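You will see subunit A twice below: alongside subunit B first, and alongside subunit C after that.
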Partner chain A sequence: MSEPSTLGGLARELRAQIGDTIDVGRQAAWYLVRGRWDWPAIFAQAHEIGVRSVFFVIVCLGFLGAIINLQAGFQATRIIGDASLIGQQAMPLVVRLLGPTLTGMMVATRVGTGIAAEIGSMVVTEQVDALRMNRAPPAEYLVKPRLVACMVMVPALTTIGITAAFFAGMLVAAVGFGTNPGTYADFDVVVGLDLIEGMVKAAAYGVAIPIIAATAGLRARGGSEGVGEATTQAVVAASLAVIVLDFLISGAVFFLR
Partner chain B sequence: MIRLEGVCKSFDGVEVLRDVSFAVPARGTLGLVGAGGAGKSLILKLLCGLVRPDRGRVWLGETELGPLSERELMGVRGRIGMIFQNYALFDYLTVADNIGFPLARMQRPAAEIAARVQTRLDQVHLPDIGPRYPRELSGGMKKRVCLARATVHDPPIMLCDDPTAGLDPVTTNRIFRLLKDLQAQNDATAIIVSHETAYLRPICDAIALLDRGRLVFAGPTEAALQHPEVRAFMEAGVRPAQAR
Partner chain C sequence: MSSDSNHMISFEGIHKAFGPKVVLSGVDLAVREGQICFIIGKSGAGKSVLVKHLVGLLRPDAGTIRYRDEDITGYTERQYFALRHRCTYVFQHSTLFDSMTLQENVALPLRKHRGMSLRESADAAMSYLEKVQMQDMARRRPGDVGDGLRKRVAIARALTMQPEVMIFDEPTTGLDPISAVNVDALIKALSDSEGVTSLVVSHDLRSIFGIADRVVMLYEGKVLLDGTPDDFRGSADPIVHQFVNGLPEGPMAL
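On to the complex of A and B.
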């Protein structure tokens, strides 16, 4: 996995990377249906991916909720002199867009790099070859537990993150601008489609991030330099996937409204 | 019988193997020698389907590997025990779990796995290290654990990629003796890649010499030792081109 030096080389590398990602995804899907379910491995990954990310997500999304409400409150107070409706403006945005997408970005950064580094290290030390020699295909033994864990934990983390953003925003609105918490928490402004959009995005990120990161790890070559490249590639590709999926799903939901 | 017919393999336009053909009879032992980068490890990976040839055919017994899918290859690999150059022990598993891994993947009962793991640990003279992790072991101990894992399922084919690299002479001697014992116990066919030519000579029925991806010679050990390039390599470890 050397650095492509020309535009043609970059295009070929990109095409190979996309092809490998599709191939790993296809194999992982096959093993989801037909393969063994290694529950201890799945729970271990759920702990690593989900439980160990909770604090990170709560802090980041909590501050995000606070910042949005702070900015919205300043503007509302300055322009119309009333900040009572900032919750109604901020909540749909957090549920539909910022909650799932920022959680996805955080998972891509924290978990995607971990997956790529771990699998990449196994590739360069021939452990992946040893797995293949022992009837443990990497797509089943390595990718599937991470995929299942992400499919469950990313929507769960998104829900927790949105909740943290909601309460942090409510606190800022109440303390900073005197907004009534009851008015702030007007759930009528968040329609069913907003919730569905948020969860569909979270689920899509939960599928894309582990497959992209695992593919980057499986493509690692050489020694520690190769693992480093794989890790960088994983975080770049997974973050890009989060943004592109966000756009595509938002676009699809826009036409459904 | 293991057989390669006209095998060629390139990576990024660089030809690593050129028209390599040889055969190893059932229960035979082939010593595969050559300078670093000659393509020895690649041949072992071709023989277990971890890498596919660009041209040529690879046979394990009556099975040609070329047309097999990855899932079909998994069945074939169950007949092979592979010792990797860099140990390839799973660092997140204990020694016992590493050795029992092939059996666990074959869904054998836990009691049988535990018994066979302990038998192998006794055979490689490491009876008490089952609960330890690979990071706690020396290089020689890791090689013996690797040997135990490669043979725990009694494979009829053993592929050994430099099983004594970086080890002291005493441990090297011990590893070669263990290899031979386990091969005899399993009635296995073995290919051993090694630079330890003095140890290879007495245990191999045949020797093959590779030079920069080209097969220089493959044949019985006695005949190999009469071949000037092989003899030069076996005696001095020099490249065949330098021996001319």
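On to the complex of A and C.
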């Protein structure tokens, strides 16, 4: 993998990267249906991707919920002199958009880089070639456990993150603006479609991030420099995918409303 | 080069580039059954790149690869699984899996390629470890043993396939002289007693003059020399002369 120096080179590199990502995704899907299920590897990845990200997600989404309610409270108090409805304004936004997307971005950075670095290191030390020689396809042995773990754990982390944002926001609203927690927690404002939109986004990120990151790792060439490039490429591409998927799913749900 | 039924392996006009870097530009090479063929050249000459094409770890940009007269160039990854049963690869850094014991490393291809159960593969792995005198260290992990011993285990792992062809990528690089001689003796014994065809990527002149039947030197993406070790030693070509004598000055760009 070398840095393309011209616009044409960049386009070719992008096309090759997208082609490889589709190919890895296709192979991973095939092994999801036909391949063996290595449960110890899947649980190990679920622990690494999910459990070890919980604290990070709770802290980040908790502060996000606090900040949103703080800002909403300031504005509501200044304009209408009443901050009792800030929960009803903030929560749909957190459930539909900020919860899943920020969780996705955190997974893209923390987990995506880890996947790309680990697989990239295996590529440059020929361990992936050794797997292929031993009839152990990388898509089955390396990608599938990470994909299954992300498909389960990203929605789970999103749910945890939204919950953290909810309670942190409620605390800020109650302490900062005297909002009644019962009024804040008016779930009538969050409709079923909001929850579905949030979970569909989380599931989509759970599929896209490991495939993009694993592809970046599998494309690593050379030595440690190649692994570094793969890691950077993984975080950039996975973050971009989160934003694009967010837009596409939001657009689709907009037409369904 | 036309296909020849006496040749077990044929590379015909192989081209391979990585981005702008051209590594192979029309390599022709045919290897007979049972030969120990050394592929030599300076670092970056494309030796490993060439042999990886035989087992589908790399795909050529152009050219044809034949195995026993069958064109395998367009094989799918799944078709290569069967070929990798017959042609095995001993990697330069052994590439044993750190999370497994030496015995489990050897047992892995027995389970994956030959469909053995966990218990059967473990028992069979011990017999292959005995062939390389590593049975006493079966429960150790790769990190607990030295390079030479890891190389022996990698050879045992490759032997589990009962291969027709073994590809050795720099098998003696980084080994002490005694371990290197042991590895050479193992390669020679496999050729003599089991008729295994060996493709050996190496810089090691002692190995070349000790066990090679044939020497192929790659230079600037092409075959520069193809002959016996004596042809190699006595070549008048200034580049071969520089290489065989290890001269820092000469026409070969460093």
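Of note:
Here, the second predicted complex is superposed on the first by the 257 of 257 C-alpha atoms of A that agree within 3 Å, B and C clash if a C-alpha of one lies under 4 Å from a C-alpha of the other, contacts with A are read in each partner's own complex, and residues count from 1 in each chain.
Throughout what follows, a residue touches a chain if its C-beta (ideal position, glycine included) is under 8 Å from a C-beta of that chain, and two chains touch if they have at least 3 such contacts.
The structure presented is a predicted model; accordingly, all values stated were derived computationally and were not measured.
Annotation for the three-chain superposition on subunit A: subunit B and subunit C clash. After overlaying the two complexes on the shared chain, residue contacts for A:Thr232 are found with neither subunit B nor subunit C. Look at A:Asp129: by the touch rule set out above, it reaches both subunit B and subunit C. Of the two partner chains, subunit C is the only one that A:Arg221 touches; subunit B does not reach it. Of the two partner chains placed by the overlay, subunit B and subunit C both lie in contact with A:Pro137. In the superposition on chain A, subunit A positions 125-127, 129-130, 132-137 are in contact with subunit B in one complex as well as with subunit C in the other. On the subunit C side of its complex with subunit A, the touching residues are 18-20, 52, 55-57, 77, 80-81, 84-85, 88-89, 91-93, 95, 97, 108-109, 112-113, 157. On the subunit A side of its complex with subunit B, the touching residues are 125-127, 129-130, 132-137. Across the interface of their complex, subunit C is touched by residues 2, 125-127, 129-130, 132-137, 221 of subunit A. Every residue of subunit B that touches subunit A in the complex is listed here, in rising order: 45, 48, 50, 70-71, 74, 77-78, 80, 82, 84-91, 101-102, 105-106.
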